[in-house]
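You will see chain A twice below: alongside chain B first, and alongside chain C after that.
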Partner chain A sequence: MKVGSAFILDKARVGEFIESLGSEMQIVAPKRQFGGDVAFAAIKHPDEISWDYGNDIHPPKRFLLPHYEVLFRYKTNDSIQIEPVMEERPQAIVGIRSCDVTALRQQERFFCSQICDPHFESRSKNTVLFSLVCNQPREECFCICCDSGPYLFSGYDVQLTDLGDRFLYEVGSEKGAEVSAPREHLLANASEKDLKLRDSIWLNADAKFQTTSYLAKAILFISANEVPQSVWDQFGAECFRCGSCTNLCPVCSCFNVEDTKDGDGAFTRWRYWDSCQFAGFTREASGYNPRATFGSRVQRRFYHKASYQYITRDGRHGCVGCGRCVVGCMADLGVPSVVKRLRRAVSEQAKLEAPA
Partner chain B sequence: MTGKPTTCGFCGCGCALYVQTNGNQIVTVAPSQNHPITSGRLCIKGWYGPHSILNSNRLRTPLVRTGDQLTPAPWDEAVGTVASAIRDVLSRRGPRAIGVIGSARLTNEECYMLSRFARAVIGTPNLDSSCRFYDASLIPGLLQTVGIPASQVQIPELPKAGSMLIVGANVTEQLPQIGSRIAEAARNGCKIVVVDPRTSRLSAFADFFVRPRPGTDLTLIKVLLKTILIRDMYPDSSKQLPGFEPFSHSLGSVSIDRVEEICGVSVEAVSEMAEMLAENPPTVVMFGSGVLQQANSTEIVKALADLAVLLGGSVMPLRGHNNAQGACDMGAVKDLLPGYMPLSEESSRRKWESVWNCRISAEGGMSALEMLNACRSGDIEVLLLFGENLALSAPNTEASMDALRSVKFLAVSDLYLTETASMANVVFPACSFLEKDGTFTNVEGRVQRVRKVVPPVAESKSDMEIMADIAKALGAELPRDPQAVMDEIAQNVPQYSNVSYARLDEEWGQPWPRNEIIPKLALLGSNGEDTKQRYMFRLISSHVNFPHRTGSMSRMIHILAREYPEPFAELNAADAEEMGLRNGSRVRIFSEAGSLVRQVILSDAVPPGCIHVPYFFGTNTPNALASYECDPESGTPVYKACAVELEAVE
Partner chain C sequence: MVLTAARPRRMWGVNDGAGSGLYIPKIAVVERIVDETPDTKTFRLRFEDEDFASSFSWEPGQFVEVTVFGVGEAPIGFASNPMEPCPFELTVVARGKVTRAMHALKVGDRVGIRGPLGNCWPLEQTKGMDLLIVSGGCGLAPLRPLIFHVLANRNDYGDIWLLYGARTPADRDYKQDLETWAARNDMYVLQSVDVPDGTWKQHVGVVGSLLPLVKLNPEETAAFVCGPPVMIKFVARDLLKMGFTEDRVITSLERHMKCGVGKCGHCCINHLYVCTDGPIFTYQQVRTLYEIDI
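== the complex of A and B ==
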């Protein structure tokens, strides 16, 4: 099976396909929860998958970078004994959205280049992503402005497009080809007509976005340091420092480590999500904090999302337009509204500074 | 993450959390997207609290005192020790020598069982909860006005308000989901008027921030009411409200012109407040501990409720504890039976006597604070505390610790060996909200399901089981199944008649139904004279985001504790300069009751003549500075605007 090939997976055979895949690995898929909530969860039966869903507010990054994970356990009784804890179970994330695929590839660049994080790498190696194109973006989505959706040209292992009674099944990587091959008998070759239908569905999805964000301008202003400090300070005054923006962001990767006592000289080293919006995150041992004010911390977050320095290092800007910060912010400091306010502030500043 | 969410056990917002576990450990916490309050958001406590509660320094076994030492003991020994102390006092002194104090942390089922345990099993009238120290004054204040001791408005409705008055509440930090709706309302054009002596983080969203002198809210609100009244700025229909005549008459002696002299707020400013509120209906009036812990707090609550009633608006009291509303609903408060049925009324007593098959004496009991005094005098010999770190929540920490040390027998159930537990004769390890089933009622009166998501840590038990164990040792049977207890509550407490676990397994909890209650206007008494002239400074205490209440739980959360490595106090630069203090100087803050030392941070958020002392972790608490002075009507101690003095510490 070749990378780049396209197939048809009939919806009548999806159950069989998932069952077959599930015999080799854990299937993580969108699953109905309580009161209308849908969240990614390990499923046992294909019927548990809720194909008709927007997105999970809690990003699927947690299946590669868990909210809380044990890195190792150790004992200090006689000599120090360290027992590493590695997760090696293969898993398929089925139905992951394009924005989250893009975000996970960014996480891989962060954790697996230069100094490689073995815990993340092990999970990443054992994970295959079956992304599902969004035919209907949600109100807060703006991936179309971030080169990360509603469909992808690369980054996925397998990409599914809902064509009505069948999925278009595109193989995007060697890993995708490898997991598809044993199930090729459940797939049919895609026709020109199928590809045309896919293109029209994609175009249709492009036209449905309700939120847009002119990120390019924010990248320019932030990189050129043209945003007046007073604007950042105003954002800082509004911030609740709840940590939701960073915890919900599929691209944010900052973490803290903490040891807990298990008794009898045994300890556990935990890693968990941390947030640059907390003062304690950047405070140094001396007590000095280079990001002491709320405003400077909001500024830091947006520098990391949009400054050219990071774009050069990471290969793209740090926002995939999933819209979770729009929903999750206790104030209104999601990316689109911040970008809008930055643009307005800089242009007003320019008017003030223009020669008469 | 699969299955059903539970309800967060930190603040009164009541967010729905999904908690995913791996064995006994929490690996993920996630907000619900569709829950009407949570809406895909959590605050720092919700995100980080659950994992830390399981992994912190929890009590693992019961502890029994021998001499100076608390030593691990089996459950039956600990329970037996408590039961024999109770039996001994009952035979020698009778039930009035026993006090029972619960907490707004417990579930509704546990609070209800606490009422039954105290009144029916032990037979003591001395039953109260931590609400006495935080917000008990809203019960008489609201019962006499809006008719229900609860919020009249739901959190999701807040963004539709036309105007809001927010008095004495650090909402964005203490009740973030409500703060979030205030921010949304502001974006929708709602006029936000904030009254607080200190500029809080609400200032980012406020149209008008009024900073009266600490302790002068009653005068300010009365002047505001009178302004609205004489300028005829209220709906005509309000004239038909019960109590309108005596209410307006009671404002007769209020002098608008003196507002500047007393409150430091100009007549024009009050006029502007009146216009913003009266011209932008519907008006929501909110108030927090800044009001509820002030001198004359019940009177201020009445004045604020009068304002809402007069303008045809609604009130939302801002209660910080997760189950403050439920604890009061369940009658875990002095002189009330479940469902706010007054102990003094014979029909209420008859009702509960028949439900619980017992005799209930008409004689009133002691408040939590009175019980502390009685511990010292010896009138109380056995004090049973469930889930409350009384040493830190009571005023005058030194005197309160002394009282707890001097009581003959103290039993405490808690998650941790708190300051209070470490003085006890017997300590029971209790479960957190993650380890038991039940319900909490949030600030809106929304009854929500709490689900056991992990097994109890070590040997800990729920407070309900602990009460049932003690009752059993005393020869009485109490139920241990939360669902059966809720069925009994639903049958007998009118506000909970629609609540059932089966229903809560199908849909989100609903605020308790409000029958057609006609609000009335309460007449307002005269202010007490301010006599505290001896010290120069006024204390502004506040609950900042990170430490929660007494901090028993939140100090165990590393991310929270990390935010403020050292307790601080904020002082205006002018005062600091006069005293030769700089940023980072250390200052001793003292009153007639006690003292504490803090690092000074200069801040223009604090007005001259005041010092802002946030609550922190442990005994370094502004409560140490408060005396046993109380609001006369509700018995809530006066923690706010205490007179204090400062001195530099070398």
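== the complex of A and C ==
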């Protein structure tokens, strides 16, 4: 099976396919929860998958970088005994959206570059991504402005496009080919007609976006530090400091590290998600906080997401246009509205400074 | 030649074989504890694993993450002679949860060490130059290995000036070393305190007020500066006024730090990670960054 080859997976055979895959690894897929929301969860039966869904408000990054992750356990009774902990269970994330695939690839580049994070690497090595093209972007989605959807040309292991009664099944990586090969008998070759239908569905999805974000302009302003401080301070005044933007962001990956006591002389060192929007994120033991104002923390978030300096470091800007910060923010500090206001503020500033 | 901070020969997680043990500390034993000031102690530590201890090395300016078992982890700079890499010394001010717990340690207790982390002072690039070392309070700690290095390779460098400021005479670290260095005839040592006691015969004032006493040609000098943020800021500005170029003012920066290996995101100043891109930066590297007041 070649990388780049395309197949047809008939919807009547999807159940069999998932069951077969599930015998080799844990399947994580969109599942309707008790309240009616769809969230990614480990599933036991293919019928649990909710194929018709927008996206999970919580990004699937938690399956590679869990909210809470044990780094190691140790005992201090007689001598110090350290017991390493490493998760190596294989898993497939089925139905992940293009934006989240792009985000996870960025996290992989970040965690597994020069100094390699062994915990993230172990999970990422054991994870295969079956992405599902969005035929109908949600109201808040703007991945089309961020080069991360609604369909992908690379990054996925397998990409599925819903063609109605069947999925187009595209193999995008060696890992994708490896997990597909044992189930090749469930796949049929895709015809030219199937590919044409895919293209028209993709173009149709492109036309359905309701939110846009001219990120390129914001990147220019932020990188050159041209945004007036008063604008950041205004954002800071509006921010509720809840941290939902960074927790819901599929690209954000900052964590805190803590030791907790399990019992007599037994401890666990673990890491958990942290947010640059919290005052304690940068507060030093002396009490000095280099990022003391609310505005400076909002500025921080956008500097990390949209500055050339970070694009050069990480190979990509830090927004995939999933729209979660738009939904999650109790103020209106999602990426598209902040970008819009930055552009307006800088152009007004320029008008003020221009000679009469 | 434009000066930059130097890449070290050895760095945890890059080329020391930490591998899957990136977050797992090596066990070290506290061999000796010296009281420097009322709130500062120097700990001498030796790795339990003898093979690891004998192959261990680090360079002036680098640091380690110290685990106090049952409490947590904190970054601390090497403070001893780099020619004797293990046992090594760490000078710790009791400030936060971990550093206070360190002060409760006794000789024979075990701690965890991950390191060496970070980059180092540019000691190769500055060969042949005069050195101006300016430090305040516990800022002398990361410069002490540098001083040991240049004194051991004295012929490689020109004049050496050490300026040290502290709140009171009792708040000075390494009082014995300061005496030894001051007695040498191949380096100048100037000290200053904010609040003198009855016996203090040297300068009174902030450390920057010692700068006019220094006789150096800024074009042939590298300045190493370490201390509290406000001290770094004002000393750097004074040095630029004296004619130092921005790359010749080299400093060691601090931020709240967790992982020490560029992953947790806490120690960023703009796009620079203090743990892996630093802690040593030239003024030129950081002056345009909006997240530092320098």
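Just so it is clear, the second predicted complex is superposed on the first by the 356 of 356 C-alpha atoms of A that agree within 3 Å, B and C clash if a C-alpha of one lies under 4 Å from a C-alpha of the other, contacts with A are read in each partner's own complex, and residues count from 1 in each chain.
Throughout what follows, contacts are C-beta pairs under 8 Å (C-beta built on N, C-alpha and C of every residue); 3 or more make two chains touch, one makes a residue touch a chain.
This one's a predicted model, so the numbers in the text were calculated from it and none came from an experiment.
K.L.:
Applying the touch criterion given at the start, work out whether A:N256 contacts chain B, chain C, both or neither, answering first, second, both or neither.
P.N.:
In the superposition, A:N256 contacts both chain B and chain C.
K.L.:
Looking at the overlay, what does A:S244 touch: chain B (first), chain C (second), both, or neither?
P.N.:
Only chain B is touched by A:S244; chain C is not.
K.L.:
Which partner chains sit in contact with A:R269 here, chain B, chain C, both or neither? Use first/second/both/neither.
P.N.:
Touch partner of A:R269: chain C, not chain B.
K.L.:
What is the contact status of A:S286 with respect to chain B (first) and chain C (second): first, second, both, or neither?
P.N.:
After superposition on chain A, A:S286 lies in contact with chain C alone.
K.L.:
So, A:F34: does it touch chain B (first), chain C (second), both, or neither?
P.N.:
The answer is first: A:F34 touches chain B but not chain C.
K.L.:
Which of the two partners, first being chain B and second being chain C, lies in contact with A:M25: first, second, both, or neither?
P.N.:
neither
K.L.:
Touch test for A:F72: chain B only (first), chain C only (second), both, or neither?
P.N.:
The second partner, chain C, only.
K.L.:
Once the structures are superposed on A, label A:M330 by its partner contacts, choosing first (chain B), second (chain C), both or neither.
P.N.:
Touch status of A:M330: first partner only.
K.L.:
Using the superposition on chain A described above, determine whether A:C112 touches chain B (first), chain C (second), both, or neither.
P.N.:
The answer is neither, since A:C112 touches no partner chain.
K.L.:
Overlap the chain B and chain C contact sets on chain A and report the shared residues.
P.N.:
Common interface on chain A, chain B vs chain C: 256, 258, 261, 274, 283.
K.L.:
How about chain A: which of its residues touch chain C in the complex?
P.N.:
Per the touch definition, chain A meets chain C at residues 71-72, 74, 76, 79-80, 82, 84, 86, 110-111, 114-119, 122, 225, 253-259, 261, 265, 267, 269, 271, 274, 276, 281-286, 288, 290-291, 296, 299-300, 303-304, 307, 309-310, 312-313.
K.L.:
Which residues of chain B touch chain A once you look at their complex with the stated criterion?
P.N.:
1-5, 16, 18, 25-35, 39-44, 47-48, 51, 55, 57, 172-173, 176-177, 179-180, 183-184, 187, 201, 203-205, 507-508, 545, 558-559, 562-563, 565
K.L.:
Name, in rising order, each residue of chain C that touches chain A in their complex.
P.N.:
Listed in rising order, the residues are 13-14, 19-25, 27, 69-74, 95-97, 99, 110, 112, 229, 254-256, 258-259, 261-266, 268-271, 276, 290-293.
K.L.:
Please name which positions on chain A make contact with chain B in the complex.
P.N.:
Going by the criterion above, the answer is residues 31, 33-42, 57-58, 62, 66-70, 234, 237-238, 240-244, 247-248, 256, 258, 260-261, 270, 272-274, 278-280, 283, 287, 324, 327-332.
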